[in-house]
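Listed after this line are the structures, all set down as structure tokens.
Each of the next two complexes has chain A plus one other chain: chain B in the first, chain C in the second.
Now for the complex of A and B:
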């Protein structure tokens, strides 16, 4: 098709450049507005946790004082950071941290080993196992939780740490992520090591695992968030303070007639710190590798 | 939170030339695979299969002296006769209807903005993901104060902007508003995941396509419509489906903030299931609900597979 009215590249480029300039301004403005929407509730949480008076917190919420504290105090934190008795959020926090560390630690090992064998093993039936794993992914946690409660209570596991860790260590999603990551590494890597007489486990442990930092970081963050934020499962299987995670404990603030917002805010800030640290530590690898592996149609 | 719905793997199982298979190697491989297979079997496959069985019994939560009886499809028939179940299904549908445009739209817009070469864009990427790592319980604490009636921040702002003409809204206490309020806080919390998936989709579109379109004289809007949008088709399907599945599993925020109320306007399928199982102690009945939930999720996932196949050729 012939189109004679093509503008000369010169004027076109010029027009586009000045358009880009004003477009940039609009875009930056939009980003800042979104940033405000995203960050201001979190910032308000932090500020409110530093205020002493729970009624003042609510009164301040409607104005700019929500973003300012004139005499910050850590008294709310001191109030809720007990390790026993009432408001034992120190203990709940430690419980959650312990559960997270065990789940993620065991999960990294178990899922990466499985992913490795599925990608590089010689076992017959690997393809079948892989498609079964993918099929299992469709089952939502919510729809197995009823029979699972019966199973663990018959096994006497109610109100333990194990019951909050063991069921969630192996996961189809993470096995698949590891599988995908390992499968795309060059096969020369495997063959060279095998030539040198290294065993399969050795190759996994000393060659492939050290190369999979992005995958390990991604799975750590995803598993960490998942474990940290578990709510439905722990309310069903914990009854006492012993193994109660902080998410469940914070939710109990809502059961009271008059909500102690000051303490709830302080406990919430406490709950954010560890997961934020985990996220900041691994974020660099998380974004790049997750972006790489996210959408596979 | 589950992020990804792997359809069939892009690469087939990595193959290597068949080598000498000694026994030791085979044992090692079995040993490495065994923990995952055992855990998945015990804690995923067995309870999943059990749920179909339990759903057809009158299993109570605490064991009783009377034996558990097989009652066929009675639980399902009772569920289908219960108006509250249909209300909960209707509510999650309403929730889905609102959350899809709000959350995915915001995620898409943000991803488009952050895909440009703007200053500090990596900083903003990290920042916008913060709500996604925030526990839903903490989100409920924050938004619980924002929604306060009648003097919470939202009501103050609305009152200020309207000069007092608009009456304060009882965000969580008014049946007309409660679900919408849940939508707002849910979208705020979870949109970071969708944003990252969209960013991945955008990065997957080769620059050459844009260059070619530019040479052909396409303007910015035409490039968006004829290059970006077709390139993002699988991403759109993926995001919409994942969000829909998440929406049907809505539970935590409702359990904490509204307990399904007011007047059942925020009752959801999972909340209905948990109440049946643990407040009314009818575990068989609750299992039947969980089977229905699974079937819904399965259908949505199958729709996704079909759509992705169609787009991906």
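Now for the complex of A and C:
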């Protein structure tokens, strides 16, 4: 065998580098394909919202023309941004925002308080209550929706904002999430505050709540998305424009005789903006919360 | 400042007793250390004083007032925790002023109190920092500052130095002692480190298994331990303890080595013979031993030797040159020999 046939450390390293390079190329390719699958419908939605001919939008679907607009216009947005009249989508958007703000705001207070009491309270039977909370989580929302409709209609709450907020403020999932977060904070913090003269509520408000930013961010985002995407419940409990959220209102574009793709697309883009903003605002803590729970076990 | 009285105090978790009818009095301005091995109940007793644990029986009085059912915040005490328990989202100043803020004091008063405490502990330049921006020693000082600001009647310390490195522990030990000398506030300090207890306390309470083994001044405990547990727990290296019996005015160890009895106790009976490592000397006359390990520390020389089958520790003040395996003759200082019964109770 000649000396040239023996692989030197240099050629070995070169081969290894090239193998790593190929692997990276495949990885990048896969990520790009996944990203395209996720992003392309959103991009198509945005492009369609800038086209003023609803028939053209329909004709373009299924071809690459769905991703291109030659004469972009904001007329669809202007049409659906009214606060009164037939296309009061500005109002529906505001309704949704109001419902989201109230649900998330009240939800953060109620669920964090419940989680705190379960983690640090002196209430007898806490473990039983916690087990019940976890058990409640496995019951699907849809299975309790009809009894809930009957309850709220008998209470005269239909077609109000309250009916879209109150039933969804307390949630077993978020109570448990807060419970888990509070329970892992050191006992000495509670005791030090107790020695300093703080009441249990003050300990919650001044010590534990400010320390729970990651949990607050996570619950805000998850609750916000849940509230924003509510569809079945508002359909059942709203009859007029007064408290109708945008998710339900968009459905009216899809009539029996015709579908207003142009307006539906513009309204959908408008609907996406607030929830995207909410996610971007809390994303840093949201990610850190999930990473934190992963490394801390 | 206040006195603390613990009278027949018991604690049990379910059917398991962890503190057994403990009684002691802590004088006004005194520095008392609770010391003992892990699980002896010293931290539980401190937490009962703080009001963080319920009392199963007996009475605790602070300044004459029974506080069994008084909430921690109303006991007028301050506690420094092992983990410091600083509020991570508050600055040093906010941490120190939190208790005063809860009392409803105005901002100027809080600032002045915080500034005064910061001056005592040299924390002035750190007041705007968050706990995560401080070193271990600085955090410890902030935890003490938080206690000082409140000007309580009693300070409680729960192993406050155990998270620090050895060098910093020595520095902080001196700082806490100096602070007590300046403030003269009644202090109860829990530690498992007998050196800490010896160097800082006016009086030491040695605990084991939920019982008090002995209460006394540090040198009292060192010179006249009440039983074999205290004898071996206090002092480093620990006291040499040989089991055996008294025969014809001598103490004969189980290994057959005859040791001289102290003056006036030749007729006494004993089942254990104790002698501290520094009370053994290498002499011309005495008992034969063999050097096993030599550890020069600079200021003194520690020697592990074999006395019959038993190990024996020596601390020699001189820089003596010894070799492993070398035969030596040991002579105990018979004025400082400790004799114990079969139950481990001191007899001399």
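Criterion: the second predicted complex is superposed on the first by the 269 of 297 C-alpha atoms of A that agree within 3 Å, B and C clash if a C-alpha of one lies under 4 Å from a C-alpha of the other, contacts with A are read in each partner's own complex, and residues count from 1 in each chain.
Everything that follows uses one rule, which is that a residue touches a chain if its C-beta (ideal position, glycine included) is under 8 Å from a C-beta of that chain, and two chains touch if they have at least 3 such contacts.
A quick note: this is a predicted structure, and the numbers were derived from the prediction, not measured.
For A:272, is the partner it touches chain B (first), chain C (second), both, or none of the two (neither)?
It touches chain B, and chain C stays clear.
For A:210 in the superposed arrangement: first (chain B), second (chain C), both or neither?
second
Applying the document's definition of touch, where does A:123 land relative to chain B and chain C: first, second, both, or neither?
In the superposition, A:123 touches chain B alone.
Of the two partner chains, chain B (first) and chain C (second), which one does A:186 touch, if any: first, second, both, or neither?
second
Looking at chain A, does chain B or chain C touch a larger number of its residues?
B
With the two structures laid over each other on chain A, which partner does A:197 touch: chain B (first), chain C (second), both, or neither?
In the superposition, A:197 contacts chain C only.
Check the residue A:133 against both partner chains and state whether it touches chain B (first), chain C (second), both, or neither.
After superposing on A, A:133 lies in contact with chain B but is clear of chain C.
Would you check which partner chain A:92 touches, where first means chain B only, second means chain C only, and both and neither mean what they say?
In the superposed model, A:92 contacts neither chain B nor chain C.
Looking at the overlay, does A:38 come into contact with chain B only (first), chain C only (second), both, or neither?
first
On chain A, what residues does chain B touch that chain C touches as well?
Overlap of chain B and chain C footprints on chain A: residues 191, 194.
Spell out the part of chain B that touches chain A in their complex, as residue ranges.
Those residues of chain B that touch chain A are 1-14, 16, 18-19, 21, 24-26, 28-33, 35-37, 39-40, 43-48, 50-51, 54, 59, 61, 106, 109-110, 113-114, 116, 118-119, 122, 124-138, 140-146, 148, 151-153, 155-157, 188, 196-197, 199-201, 203-204, 217, 220, 234-235, 237-238, 245, 249, 251-252, 255-257, 270, 273-274, 277-278, 283, 286-287, 290-291, 293-294, 297-298, 301, 308-309, 311-312.
Which residues of chain A touch chain C once you look at their complex with the stated criterion?
186, 188-189, 191-198, 202, 206-207, 210-211
Using the touch definition up top, name the residues of chain A that touch chain B in the complex.
Interface residues on the chain A side: 3, 6-7, 12, 19, 23-24, 27-28, 30-31, 34-35, 37-39, 41-42, 44-45, 48, 57-59, 61-63, 66, 110-111, 113-114, 116-123, 126-127, 129-131, 133-134, 136-140, 142-151, 166-170, 172-173, 175-177, 179-180, 182-184, 187, 190-191, 194, 199-201, 204, 221-222, 225-226, 228-229, 231-232, 236, 247-248, 250-251, 253-254, 259, 261, 264-265, 268, 271-272, 275-276, 279, 283, 287, 290-297.
Of all residues in chain C, which touch chain A in the complex?
My answer: residues 50, 52, 72-73, 77-79, 81-89, 98-99, 102-103, 146, 150.
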